[in-house]
Structures are given as C-alpha cells and as structure tokens.
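Here's the structure we're looking at; comments come further down.
So that you can tell them apart, the chains are marked A, B and C in the order they are listed, and the count of residues begins at 1 in each.
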C-alpha cells in the first residue's frame, strides 16, 4: 500500500537483454526495492524481588527480554531493516535482517552484541490474478499464534507471551507455505487498516506450511518436517447491535519432531514429538478491545526428577484488554493490561527447561508523532528461570520502558 | 547497463561544499547507489547410496553444498544484496554481503546460520576514457577459472565444480587487479548479452592480480602474495560456416604460498607452495552449447600415509553440454548435463583433505518469469568426503531442487 | 544538507491509514532513507624494527590497526554503509553497520573476518523548532575527545591516537545524550563546511550523556552508568588580525565504572572507577592548521608487579600540524605530521594492558577525485604491545598506505 516513490533497483545481472529473447512474459519483470525498518531501545529495572538468587534457585529472568536481570541498563532489543519489493508477475520478495543479534564465545568467552543476522528471506508467488492464493518460499514466520504473526513493531505490549511463543521461539522457520485469503476477509482487514488498527500482517486467512522445524537460523537435524495449519476469520458484529465492531477468531495446529540442544553439547540423539494447538479471539479496539489466545499441547520439557528431556503438557495463554484513547492532540495513546500464564518447556534454550510463568503487565503505548513510539509498563512477574539447573519460582516487580523509532 | 531510475545516495560527509574548493575535477563527483540481489532456497535428497557411513569411511557429502547429507531439508544456499554505483570520474564501487553465512561454536557448540558476511567490497578505477583498462582494489573474485568468475545467479547448474573451485574456494580474495578489455572483445560480449547469454561478468579479457592468498575472509598468515594472470578471447565462428556462433577460449595461471588451517588448531607452521593452471573453452548455447574447463597443478593435500600435509597433483575439470529451448511461451528452459572430475586437495577445509570426485549431473533450469528460476537435477555422485579421517569413496544418487528469486 | 534526490522509504506497516486516525501531527510524518558509505583498504609494512620478538617481549603492534605486524598484507580496515533519514517532526535516524568485523573461535580456533556488525543506531529528537537542542537515543559516539567524534572518513591521519581513544575504544556506547548548538556556533561550522573543512560531525557544541559504559557491542555488566559532559567553541580570529582563521577549543569530562574482560574468562568481579578529562584546540587549516588534544585521568590498568588490575594514571595526547595545499589541478592534497604520546591502560583488550606509546607519523592525504582518497604515511613508532604478558617497548619504522572510496 505504499504510495510514495520507491527505490528503483538495478536490474538483475542480465536483465536488460534477457527480456527480448525469452518472450514477453519474462520481459515485463521490473523490480523496485523499498527500504524501511524500526529499532527498539529498552530499559528494564527490577524494583523489587528476586533480582539475584543463590545457585540452584530461579532468578527473575525472561526468555523474551535479556535485559531483565541484574547488571543491566540500555539494551537494543531489535534493530531491523526490511528490503521488499513487487517483482511483477504476482511475485514479491521480503528480506529482513536484524542488527541486534549476539555472537557468543568471543574474547574471554564473552559474547559480542549487535551482529547482523537474517530474520526473513522469502518470496511470494501468487497463483491467481487477484492474488488471493499464494505460495511463500523461504524463511518466514510460522503461522502458529496470532501474536507470533503480528510484527513486534505493531504489538502494543513489549513482549510476546511465553505460552504462544513457546511453539516457535523467534517465530520463524525455513519452508514453504500456501496462503489463501477470501475477498470478504481482505475487505474487512483493509477497512480495519484504514482505521489504523494493528493487524497481524500480510498472512492469509488460511495457511498450510511445512518447515524444517528445528528453529530459525539453526541447522536442520532430522529428516522430518514440521507441519502447520492455520485459519482466522474476522466477523462484523453489526448484526448483534455492535455497529462497526469486528471480532476475529481462529486457531492453528502444529506437528513437529525436534532435536533440542542439550547442555552436554550438540543436540539430543533422538527426536521428540511436539503436538500443539492454539486458538485466538480478538475484538479490535474501537475504542475498547480485548484479545486472547490459548494453547494446548504435548511437547518436550526437561524433567528434573529423571534428569532427562521427556514429553509433557505445554499449556497456557493470555488475556489482554486495551483502549484506544480518542485523539486529544498529543498523538495516539493505548493503555493495556495483560495477564499471561504458561506451564511447559522452552525449546529455544539448552535442555528445554520448564517454564512456569504467571505475569500481569499494565502499560501504555504513546505515539506522539508517527516515527516515535514510547511504551511504559509495570509488570508483576512470577517466573521459573529458563535453566533446568535452577528450581522454584522467582517473583518481582519490574518497571519497563521502550523507545521505538520507525523509518 | 541499468537503464531504470536509481537510488540516489546522500553525498559523503562534506560533499556539498568540497567541490567548490578543490576544483572542478573533484566537484563533478556524483554517486548513485543501486540495490539488487538474489536468494537461493534448496532441497537435496540422497535417494540411494552412502547417506551415512561408519566412522573412518566416507559419507556422500559435497564441499559445494552443505545440505547434501542425512538429516537435511530446506537450506538457504545464498541470500545476497549488491550495492553498486558509478561514482563519476571512471570510478565505480561494488559491495556484496551474503545473508547466509554460518557462525560456529555457539550454544551447545552448535552453529548458528544466516549471519551476514562480506563477499565483495571493491572499487574500480578506469585509467583510460573508454574504460578498457581498469584497476580493481579490495575484495573481489580471483580471475582463475571462468566458472569461478561467473555469478552463481547466472550459472546453469546448481554448483561449481570441485576441480576449478579448489584453487579459490569461495572464489574471492583481498588484493589489487589490473583488467584490460579490447574493444573487439567488448563488442562480442555486448552482442551475446543482448541475446540473453550468460556471461562471466564484469571482468576483463586480460587480468593480472595480487592477493593475500589465504582465502576469503580469513586472516593473512604469511608475508607472500598470491599472483594470478588470466586471458580469455571470444571468437566469431562465422568464418568456418557456423554463422552467429561464438567460441571463447582462455586460461589462467596461479602461484601462491598458503598456510592451511590444521585440525590441531590454527594454521600450519610453514608455507605450502601452490602452482595451478586452468584452461577453458565455451561454445555459447545458440541454441546448443558446450563448456569445458580443465586444471592442472601442484598444491597442498593431506597424505594419510605420512599423516601430514604435502604437495601433490591437483587435477580435474568438467565438460558440460546445454541447450536453450526455443521460446514456447512458458519462459526460458535450459536442460544441461555435466560430468566433473577432480583429484587433489581441498584447502578450504581443515588439514586440506584429498578429494576424489567423479559426478554426473543432469538437470534443467526453468525461468517461468524473470524473477524466478527453478532448477531441478539428478546427480550420480562418487566422492571422497572432505575429511582426512574418513577413507574411501562414497557413492549415491541425489535429487536436487532449487528456487532462486532475483530482485 | 543533502540536496539531491533521496531514496524513498516504504511506509511502516500501517502507515497509510494511521495518519488519518491519530491526527494531523502523526499524519505528516514522511520518511526518506538515504544511503552512503565508505571503505578503507590498507597495507602496512614494518620496514625495520621489532616485527617479531621472543615470548614475554613486546612486538611492534598497534591497537588502532590490526594489520601492523608480521605476516600481513592487504586489510579492510572499515567497510561502512550509513542509512539515515529525516523522519519529520524534528526526528531523524542514523544506522551504520560495519562490514569488516571479525568473529573469533571459528574453524581451528581461527577468526573469520568481514562479518557485519552495528556501529551506530540512534534517533535524534529535536526539542525546539530551530533544532538547536536535541536528544539522541541509542548507540552512538560518546562525546569525549574531538578526534573520537570526527568520522574516520574525514580524519586526515590513518588512525586515532591511543591517548584520546583509550577512554572509548571504538568511540561508541549505548545511551542517551542531550546536545545543544547555539546559532553562532552553527553559523561558523556551516561556513567552515562550505570551505571544505573537515569538521567533527553532527554533534552539538554542548553535550551531556549517560551510557552503559562497558564498551560498544558488549554486554552491560554493572548497574551504574557512564556520564560524559562536553563543550566545544569555535572562535573567529579576525579580531587579532588573523582574518578568516578559526580556532576551536573545548573539552570533556567522563566518569565511569567498568568491569574489564580478564584473561581467565569473563569480566572482573568488581567495578573499576574511571575519571578522565580531555581538552582540545584546533586551528582549522586555511591553509595551515594545527590540532592538539590532551587527556588526563585515573583509570584501570594491569599492574605486572601485583599481577592484577588497579587504578593508575592515564595520560597523553597529540599535536598535529597540517597544510591544505592550494588547488593545483590534481585534487586536494593535505600533508601532515603528528606526534602522539600515551601512558595508561587499554580497556578494550583483555586484562587492560598498559600502553606506552610514543609515535611520530608523517603523511599525506591525496584526493585526486571526490570518491577516492589515498593516504601514504611513514611512522616512527615506539610502543608497548597491548598484552600484559609481554614487557618492554618495541620500536620500528612503518610504511603505511590506504585507499578509501566514498559512495
């Protein structure tokens, strides 16, 4: 939907001439690369609670934000650039690196921050003229969990929830997805977008995908593929007297075999089966909104009793209420409150430690001018640390602040 | 040769004013940065043969494609962005990172994929008005082997051959090159490009370069430089009754001293001398083409008998036939068959293991629309694994597929 | 101050519509991303002196240039791209990665070069209409030392000096800075820039900032912040008969607590206090210039007597004379001579080794055409190696050459 002028791309190596000889269909290709992005600068302060703890006991930490802890100050959570473009013939591409990826084991064993690593690299190929049905090839978001699909630049709270994110830490994987979006769904989404609602992005209403399933930017370690199916459906509530309101409901299923990384080095010898379901319901904030997702599943988790990874329940979700404050001349203001709960493994970390999360966060997102978004939040956290060598639940109060700039 | 609009670059720090004071020659500089790139998504499946093997014995693996093996699925082989521009005064620059570079020894000793690392970073300075003679400074391709110089986005088969690539794994190094292109050569190349032929890129017909010689993105480890000289000459065959056909022949010589990385850590104490020659002949496909290169040399290789690196023969090459199917309305189609052979060391790997490669690959490249290229291939491979601790030859049949998108 | 056309950025995800609903202030935002950069290719040759030394004794090495040593040839010192843009509402952003960052502990324990890592990622928010007073959030240069603030692409000599750079190796950190520039200062700087003078960049005349203080792209390791205050003031010397000449004087103060990385792994258990002051005076070269900075402080340094890090003096500075050769039709030529001295710790290296630097460098920067800058230099160096396990001072003569291309 970009209206402005765009960055013209140089033609691929032999573009100038190729067209002439391989026919009009090939010749018409023309690419235009657009550049945009955003950066998030954060500060978290544990104002009371288990900032530190003895060995063997959980400290207050979050798998969603490495700067919640002791000895932390400013932190770049994300620094992204997106290169994207319509390549003609119903083909478009998307390439998004992150400029805030750490590399471990550098000088003195310390990590170095802010290396550049890929997040997305995919191409969309539309199979019909209206571009309702398309195939996506490459690295992209896994269609499991509405919250996972929505860009962090659009999410109102600072972090995703452990429950919904536990299926696909970092949200992405490498594979092929088929997306389909009926015209009536697209129409409602377009209408919401015009009202400045925060949608979940350019994903279809229905999706089926297969992926490596080992986690983004990790080496595939088995021959099996992860399969994911998703559906979501926005509905106008005019019929029940709520004129202009829209409710969106849907869900996903995921089946995977994974070899988690283990503390003794490398990955587990055998595969662990993972079966998960998630459902979502969103009443878009006009001005009052409510959003909830819940996930159920069986997935790997470290069992401290037997000192090994086994399969167990992975269950949790969140409920969030938010309010779009009517325009009063100082930008957009959205206060929110969210409760989240999760009990289950976290496969992104060594040995798939068991999480036991029970957080409440109150916050407000303030967008004084388009390029700047401030978020301030207070969180009451109860969490198991994502380390199977530490037991129990840590508690505490955390003050949180973020400045996001969009370019 | 880009005709379209270009991305205008911001002037360098003090550009606006500098011109005025340092004279017209400096003032005329104007830069325009163009962006383009391509990504390759791959799947390989060993359908029969030595997918695995006991310790000490070769498994079917390729130094050209890390996703040929067991426990593999989707794989991003390359994700590239090129920034390039004409800076005026006969000066132009080229900067190409790859978004699919691995970093080793991360969590649990596992690697993390898809970090961004430099491939090319060079500046060309033309010494004459017609820009036939130019100096290239920086990191760029080493002019040894026609196949090495041709971009992977233009190559018909999926991979380069072990023999030709063994001299310069990853094709690049850091140094200075002088290129010269006679007008009559440029004229033939321009004509071929207009016919959508896949050339070897913006390298001259004659080249002489000096480089660090330790391998791209590796630390220089001796005081000596690698020297390379190249010549290539396209000839019209109209005179012998083959109207419109073009044959290109040429070759390169390389002299180097290198300190290979060794399994016990670091690099070898002493230098190993490397002397290589390569010759090529290409009949451009109009519509039937044939392409062959052969290399001869003496270079380091691990000798399992004496358990040390020594100097031995490095010999091999390939013959490829291809056919440009006349336009039938479904894009460009190029079937090909290639046989390759190599016996010699692979200095890109620890301890310079001995390769013994004997592959036949049948495939087809299909470009339905300009931005998309599908390649499907069947390969019958016989290969020694690039690991001096594994002996013998592995064999097998591999089905291969790649989707490349150009932007 | 870029006048040319710019790269138009795609609007952020929901841009098209957002404006309409959150009021005119938000709606007016418009972003335009500009791209520029530069690359530096270097060669250093120690022509006489302590190129090598026995264990325990200093070799001739520099913390400023890793390619001064034995077994070195070509080296990419910096390869930078800047993305920047005015985002409207007095908001602008700046994102600069470096394409020449090494990653250690890769194959055979060897490093791999030329990965991409962030240098700057900040947003400027002007608090007044004239944009004299602004807040900078994110990763950016620490306002300590005129030389540290000036871009390497603008500096006449090849490297910064150890003394001034020792406070902030790599010059940057993560934090928040307030900048203020009075109109009379801006006016003089604009005038100098029009005369093609090399200024120190878009930093204010007065600054106060707080930062993590652990060093750029390193994990914060304590709860305290580094505080820095700076002032600089350009003055016309017309009043004392030096018509058109400008003298700029100023200085900075820095207070920090840091946990240096130690050889046994990780960082020091306790904090080390760091207090530094620096003063500068620059007579801009019209055509003869002189530039000097001196720093005094107490900072951590390894004491070989007690085999531990302690607090000691960190003192040094430089004097540089330069001359802008009047235009003679072959571009801009600036010969220079610089003497530098430093005694104190280098916190960027393991165990904060003690430096004892006493260098003289004679050189010339030649800009034949705008995009190309050649620098040739001869240096007489006396230096302690930045390794607490090596004692004494190494001496030697070094020939140095650099080609920088600007795009």
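Here, contacts are C-beta pairs under 8 Å (C-beta built on N, C-alpha and C of every residue); 3 or more make two chains touch, one makes a residue touch a chain.
As the structure is a computational prediction, the values presented were derived from the model and not from experiment.
Enquirer: Quote the value, from 0 to 180 degrees and to the nearest 5, of the angle by which the CA atoms of subunit A must be rotated to coincide with those of subunit B.
Expert: Value: 120 degrees, nearest 5.
Enquirer: List the interface residue numbers of subunit A and of subunit C, divide the shared ones by all numbers used, and answer same when the ratio is over half, different when under half.
Expert: Mostly different residues: under half of the interface numbers shared.
Enquirer: How big is the gap, in whole Å, between where the Cα atoms of subunit A centre and where those of subunit C centre?
Expert: 36
Enquirer: Can you pull out the residues of subunit A that are in contact with at least two other chains?
Expert: Residues 7, 103, 105, 115-116.
Enquirer: Show which residues of subunit B lie in contact with subunit C when the two form their complex.
Expert: Subunit B reaches subunit C through residues 7-23, 25-31, 33, 83, 85, 87-89, 91, 93, 95, 97, 101, 103-105, 115-118, 121, 123, 125, 137-139, 174-176, 211-212, 217-223, 225, 261-263, 265-267, 350.
Enquirer: Hey, which residues of subunit A end up touching subunit C in the complex?
Expert: So the residues of subunit A in touch with subunit C come to 1-7, 34-39, 41, 67, 70-76, 79, 81-82, 84, 99-100, 103, 105-116, 151, 153-154, 193-199, 201, 327, 329-332, 367-372, 403, 405-407.
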